[in-house]
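Sharing a structure here in structure tokens format.
Naming follows writing order (A, B, C and D), and every chain is counted from residue 1.
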Amino acid sequence: MDTFVLMLAIPLVSGMLLTVVGEREWAPNLNIVASLGTFLSSALLTGEIIADGPRMAFGEMFFIDSLNVFLVTLTAFVGLTTSIFSGPYMKNEQEHGRLTKGRMRLYKSMFQLFMFTMLAALTTNNLGILWVAMEAATLTTVLLVSLYRTPASLEAAWKYFILCGVGIAQALFGTILLYFAAERVLGETGNALLWTRLVDVKGQLEPTVMALAFIFLLVGYGTKVGLAPLHNWLPDAHAEGPTPVSAVLSGLLLNVALYAILRCKVLADGALPGGFAGNLMMGFGLLTLVMAAFFLSRQKDIKRMFAYSSIEHMGLITFAFGMGGVVANFAGLLHMTMHSLTKSAIFFAVGHATQKTGTQIMENIRGLLRINPVIGWGLMLGTLAILGMPPFGVFASEFMILTHAMKHHPWATPVLLLALGVAFASIFGRVQSMVFGETHAKRLPHAPAITPVFLHLAIVLALGLYIPPYLTRWFHEAAKMIG
Amino acid sequence: MTQLLAIDALLIAACAWLAVGLAGLAAPRNLRFISKTLFPVGALVGLGVGLLALFSLGQRPETAVLAIGLPDLPFHLRLDKLTAVFVMLLGFVSVGISIYAAGYFRKGEGTAPGLLCLEYHVFLASMLMVLLADDAYAFMVAWECMALSSFFLVTTDNRHAEIRRAGYLYLLIAHLGAIAILLSFGVMTSGSGDYSFAGMRAQELSPFWASVAYLLALVGFGAKAGLLPVHVWLPEAHPAAPSPVSAMMSGVMLKTAIYGLLRVSFDLLGTPLWWWGVVALAVGLATALFGVLYSTVQSDMKRLLAYSSIENIGLIVVGIGLTLIFHAYKMEGLAALALTAVFYHCLSHAGFKSLLFLATGSVLHATKERSLGKLGGLIHRMPWVAWLALVGVIASTGLPPLSGFVSEWLLLQGFLFSPGLPHPWLNMVVPIAAAVIALVAALAGFAMVKFYGIIFLGQMREENLKEAHDAGPWEKAGLVWLALIGFLLGLFPSSVIGVIDGATKQMLGAGLGERVREQGWWMLAPISAERASYEPLIFLVTIVLSVYLGKQIVRRLYHGRVRRSPAWDCGYVFQSSRAQDTAEGFSQPIRRIFEPAFRMDRHFPTGRDEKPYYTVKVEDHFWHWLYVPVARAAEFVSKLITRLQGGRISVYLMYSFLTLIILLLVARP
Amino acid sequence: MTVAGLFGQLLAIVLALVLAPLLTGWVNQCRAWMQNRSAPPLLQSYYMLHKLFLKDVVLAHGTSSFFRTAPYVIFGCMLLACAIVPTLSTDLPLAPSADTIALVGVFGLARIFISLAAMDIGTSFGTLGGRREMLIGFLAEPALLMVIFTTALISQSTSVATIVETLAHRDFVIYPSLAFAGVAFTFVSFAENARVPVDNPATHLELTMIHEAMILEYSGRHLALIELAASLKLYAYSCLGLALFFPWGIAAGENPLGLLAAIPMLVFKLAVGGAFLAGIETINAKMRIFRAPEFLGTAFLLAVLGLLVRLLLETRV
Amino acid sequence: MSSVPLSAQLINLFASVILLMAFAMLAQRRVLPLINLFAIQGAVLAASTGVVAVTTHQAHLYWSAGLTLALKALLLPWILHRLVRRLNVKWDVESLINIPTTMIVGIVLVVVAFNVALPISQLSSTISRGTLGIALASVMLAFLMMITRSKAIPQVVGFLAMENGLFLAATSATYGMPMVVELGIALDVLVGAIILGVFFFQIREQFDSLDIRHLERLKDS
């Protein structure tokens, strides 16, 4: 069977299956096995793409090239580790009485369906389908965010739904405008939304329409990325949903939304050679970065704080892609990878920490090192990594972004550094007092799954010191494609 | 050729340190194995590193490229003479500290010994890599690893809130400094995108951008070195850390910042502008004076030493400033003199400050007490530590015949011969700087007398000090090693200058080596014997001889009888240990004379007090003038910005609506 | 190093040991005369030293080995200082071993030892003396250094011998900077030698003493050594001042006859200097301890001013 | 006017009606009439799509028209009606800003939307040049309605009305997106509406009200 079909089918089928059997004893394992299957098939698919080059599937509906295949692997990988993490985590939640069996079922099936929508959004060649998949991803995650059915989680989910729904509606308008522009070149065939076709004719697309379309797409998908001032749903959704959901929201959903913008940017750049799209993205990126950094300093809830940190990093990545050029794109892609891995690792650690201490309020979390050194170190190292401390890989990408900015947009560097400095001061001070110090916390019934945390951090560490040549080549190709 | 180069050997040493650290992680709770096997092995590696650097000081520069790092910027490494001087410092000083650490760490709370061992050796290895790095990325990675590992070492005993605060402040300022350094590197590439140091050297910067790069480097490296006004972390972090770590940070890590400053201002930036030197001079002087004044009024022995480190860094930076001035005016002979003073002071400060910090470690172990007000008379219980600490004290007050004097002497010589400068203003400023240095040196004496006299001499201020015990054999060995370094540097300055001369020559094209060597190994005469000379060995021999002869003659002519009786004290009866000066009392004159320099919070007892008491708290002006306003400003901005997240969904929708409308109306391709 | 040089050096040291107590005695005698008191004999200092050497040492309880070592070290330091300062000739084999900066260092070393020894006793007066001594020291030392810098700038050398040679044996030039330096030096030497108006060597009044407070617990040979060292210090300072500001009469070369001829000149200059010192001490009253920093601060500023004057007025000399 | 074919005139007419409905919804104070207005808008949208389908003979547009009719004019209003009855929330719609102000802002928005769409409309080769501007205007009016309404159901109606505007843009301005996309969009809207329905019950259960001003607890300021 085709690896690609397998990759899409596994989460879809298992998601359906889990809606039925999700409360069984072995359901978490099924969840893990399915994620493993997805990951393995994505890895195989990556191998094929590296060996044979880009390919299509289902006619021209799906398209896999070096840009999305790396995100696919990343998504599948983080999905796998999250499923491993969520096993004991969700069991603990259930035993704390926060979740019923039905909700557990809902969680698992929605998790798999969410993975399906992510993978579909990444691999589709049709910008319309991309929109559909993004919207579907919103719907599945809305259910995941509101899983606890507490007032706060309902509020968060409501805001998430309305804001992202409105945002994504604008993206649809942008897509329609794009279609409108493409139709004039490609004719009234069904191909006018196929990205591969559009790329070939991107120079002929009508500039005024493309400018409008890109604005709508940027505002639309940008809401999902968490660009300021469209980000307001993000901290709520991250803070109130179950932690595995926060991990995949931060680690995957934001990436995929940014990926959607990137695909559109390629087209907009073709039609508007003046760097219109790039400048917009740079502006949004900087604004996001600075605002998030200042938001960080006043947080009380640990998951909220890391949600803002995600916003901050998305701002940085958007800025990097906005700068354009192979080096900046390379750095952006690298940063995307690093951020996904690190942030999800942090959320895993945060999940355990909040479970152990029974609170998300940072002032009440103390002495994690004494509760459980592994969680403490995981959170500490993860935080240092996300703050851009070498030798972790986030530093490598930040270094590249900063140096590139210094070269081409020197005016932006002080702003970037100010934001990074403020973020450092805000996050580190809080995390340090949580990790260190005294505590009286109890043991948990289920031992935490620590492997995902350290697996992620180990990869991030390794990539900070050494990026293997094939990965470099791969990133380079993808970076060139974004242009 | 598969010949083993010194740089390869150093890399192997770095890996060996890492391996030692990881071995500690393998058995994190096995204290015996870690302290009696791993730390000595680490010390051996340090010895190897020092010897290798000594060897490579006579060799040509070596380079290496490691296949790790960024795709288009692998780790470039380079071992030239400047690097070698500092590697030598790292190697030899770390020997003493590692040996000491073998006997220092005990079972107890805080970080597990294995983890400590890992952090410590990662710290060592990353300092080595900082010195070897030859591109911005490798440098930054090593630099931040160094900051990170030392941060974890500082927060070993993280249950105390003030230690956590110290660690936070330390890492924050280190990080901000790193950002400044990175910016400086960025300016130095001047848009070429080549982040290797070779690429930066090749750039010809305009004076404006070169100055920007220099100032950024000064701020960045100053933040690590403890220059004003980014010094605030230092007096917090040093006392918080375990003593070997304080010793390592103060002795070696601060010097890596000096190394970076030297690397940037002399090597990467090419010819300096004269006013860079003036800036460094001014900042250095302010730092030195500030450091020494605050060190005299401290009541915590490690804080006192930490401020003293600030002072010494200030002196080193003064030397750098002087070198820059001379170098800018192409007076290479005098520049070489000042630069030699810089190197010498780096070496000697590394030796004596580590020694003193380790001595405080022993005191801390023996008494569990850091506050000077609760110590006293420890020379009776800890003679080894006391006498070895005396070596450090004399060296650090800059008195002959030990190491501190040589560097101060060289520095003052540099000042004395400055009137040849073509700039009249400078000619006026430089002597005043010399006066300030003289004042600093004398005040350092005050601080050190306070430090030594109150800890080791007099009567014991607390009962439990009677149970104090001397340092163990490992600790003694470490202290002796560092004291030997102090003697070596103090007594054989010509030989030492001959060794480090290569680095001076490499940076300035001129050195003191030939002239010094002409005079013979016992005599130090950097210009000529008529102008200035110093023979520490003969100096010492004369004093020792007169002491010996004096003693013999007195004994022979008269007698050697001794009786014991209570102290006379002008017939004053009340002679308890409480009658001695407290730490605060000792420094009262300084507080009084330099009152505006301190922010004091005093409570005086009044006649009606039920329980009269007197307290005095001395605080740093910079904290209130600089840091608090900045923090307030940041808080204010973030307060404004967080208003955006008001919780009302309609408002959120309006944000995206307005964004859309504005973009539609404003954004035009 | 020549035989004559060695001889000169030994002669200088012996002369210092002989003349130093004599100078102290002479100053005391002069002062007594000026104050209309009957004077002690000129050799009183020798008698005192002899008596003290004969006495047993009484050590206070709780003093450590440091306390017993310190007098010897202080004595050694002062002897070295006397050996370096040119008294009779500038051709001293020991002179290159320490230049003027090192000379200041020697005084500093002695000061640190005596202060620490005072703190070792652990009584209120001991620490009081140590603290005050360091207070005086940290102001006097830089002032002294500045004085020396002024002279060093004139001669382009910090070597004492070279400075004296330049000042004594070159063409006579008026250096206005030296006037400032001279006044500053006088101030410093008063402070450094525990003289009125900074300290009073004759008092044991608790609140005023500095030097005496530190050596309260010393007795017997230790006290003798310290007293001898104090005399040597006064001698060294006097000789240094004479050599810097009135260098005439010091022999230049290796001529033994010149050496011998220099002795009477030196004795004469010391006698005048001692009388001058006694005179100053007589017409002044001891100042409050916290006026001392002002006094020394003035000296420091004067010395710096001398340096600036040197640079401003005399750079092309 | 004679040069403009009937179909285009019809489409323009329907588009205008849709805009009118959008304004009407903005001005409407009561819930049930609001839903009815939404249903009418859906029906007109279906009719407009039907006209386009007849004119261009694109088979999938028929499907589209049918789907729109079924979904937006019938199914969703029916669901909403049921919800309102089940939840017993037939109260007046409270507006955060008073209605006249809202209307004035709405008119400004229409001007903005027409201006933004003008350069594109001029490029248009399709029969209905002005519809894109109208579609954009209705999207923005729906957006405005979401901003100004403080209860959950009107907000959702606004959300769905926005979809209507988008659909108008998709079918009338560009003569329809590919079928797969349209199906996907329809599915999403449906699922979204169902999820929202579920939400209403939960919000009501937790807060005893559907006033979204209760949902203002998560904030930073």
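By our rule, a contact is a pair of C-beta atoms (placed from the backbone, for glycine too) under 8 Å apart; a residue touches a chain by one contact, two chains touch by 3 or more.
In this text the structure is predicted, and so the values were computed from the model without any measurement.
Participant: Hop distance check: chain A to chain C, minimum number of steps through touching chains?
Facilitator: Steps on the shortest route: 2.
Participant: What chains touch chain B and also chain C?
Facilitator: none
Participant: If you average the CA coordinates per chain, which chain's centre is most distant from that of chain A?
Facilitator: Centroid comparison gives C as the farthest chain from chain A.
Participant: Which chain, with its centre taken as the mean C-alpha position, is closest to the global C-alpha centre?
Facilitator: That would be chain B.
Participant: What is the distance, in whole Å, between the centres of chain B and chain D, each centre taken as the mean of its C-alpha atoms?
Facilitator: That pair's centroid distance is 70 Å.
Participant: Based only on mean CA positions, could you tell me how far chain A sits from chain D in angstrom?
Facilitator: The mean C-alpha positions of chain A and chain D differ by 31 Å.
Participant: Go ahead and note the Å separation of the Cα centroids belonging to chain C and chain D.
Facilitator: About 101 Å separates the centre of chain C from that of chain D.
Participant: How many Å are there between the centre of chain A and the centre of chain B, using C-alpha atoms for each centre?
Facilitator: From the centre of chain A to the centre of chain B is 44 Å.
Participant: Taking each residue of chain D in turn, which ones touch at least two of the other chains?
Facilitator: 116, 143, 146, 155, 212, 215-218, 220
Participant: At least two partner chains per residue is the criterion; list those residues in chain C.
Facilitator: none
Participant: Quick check: what residues of chain B touch more than one other chain, meaning two or more?
Facilitator: As it turns out, chain B has residues touching two or more other chains at 639, 642, 644-645, 649, 653, 664.
Participant: What chain-chain pairs meet the touch criterion?
Facilitator: All touching pairs, sorted by chain label, are A-B, A-D, B-C, B-D.
Participant: Which chain D residues qualify as touching chain A in the complex?
Facilitator: Touch residues, chain D against chain A: 58, 116, 119-120, 123-125, 132, 136, 139, 143, 146, 152, 155, 159, 162-163, 166, 169-170, 173-175, 177-181, 184-185, 187-188, 191-192, 195-196, 199, 202-203, 206-207, 212, 214-218, 220.
Participant: Which residues of chain C touch chain B once you look at their complex with the stated criterion?
Facilitator: 53-54, 56-62, 64-66, 72-73, 75-77, 79-80, 83, 94, 96-99, 101-102, 105-106, 108-109, 111-112, 115-116, 119-128, 130-132, 134-135, 137-142, 145-146, 149, 152-153, 156-159, 162, 204, 206, 216-217, 220-221, 224-225, 290, 293, 300, 303-304, 307-308, 311-312, 315
Participant: For chain A, which residues are in contact with chain D within the complex?
Facilitator: Within the complex, chain A touches chain D at residues 61, 126, 128-129, 131-132, 135-136, 139, 142-143, 146, 149-152, 154-159, 161-162, 165-166, 169-170, 172-173, 175-177, 179-180, 183-184, 188, 190, 192-193, 206, 208-209, 212, 235-236, 239-240, 295, 298-299, 304.
Participant: Using the touch definition from the top, list the residues of chain D that touch chain B in their complex.
Facilitator: 96, 112, 116, 140, 143-144, 146-150, 155, 212-213, 215-221
Participant: Please give the residue numbers of chain B that touch chain A in the complex, ascending.
Facilitator: 67-71, 136-137, 140-145, 147-148, 155, 158-159, 161, 164, 167-168, 171-172, 175-176, 179, 182-183, 186-187, 189, 191, 193, 195, 634-635, 637-639, 641-642, 644-645, 649, 652-653, 655-656, 659-660, 663-664, 667-669
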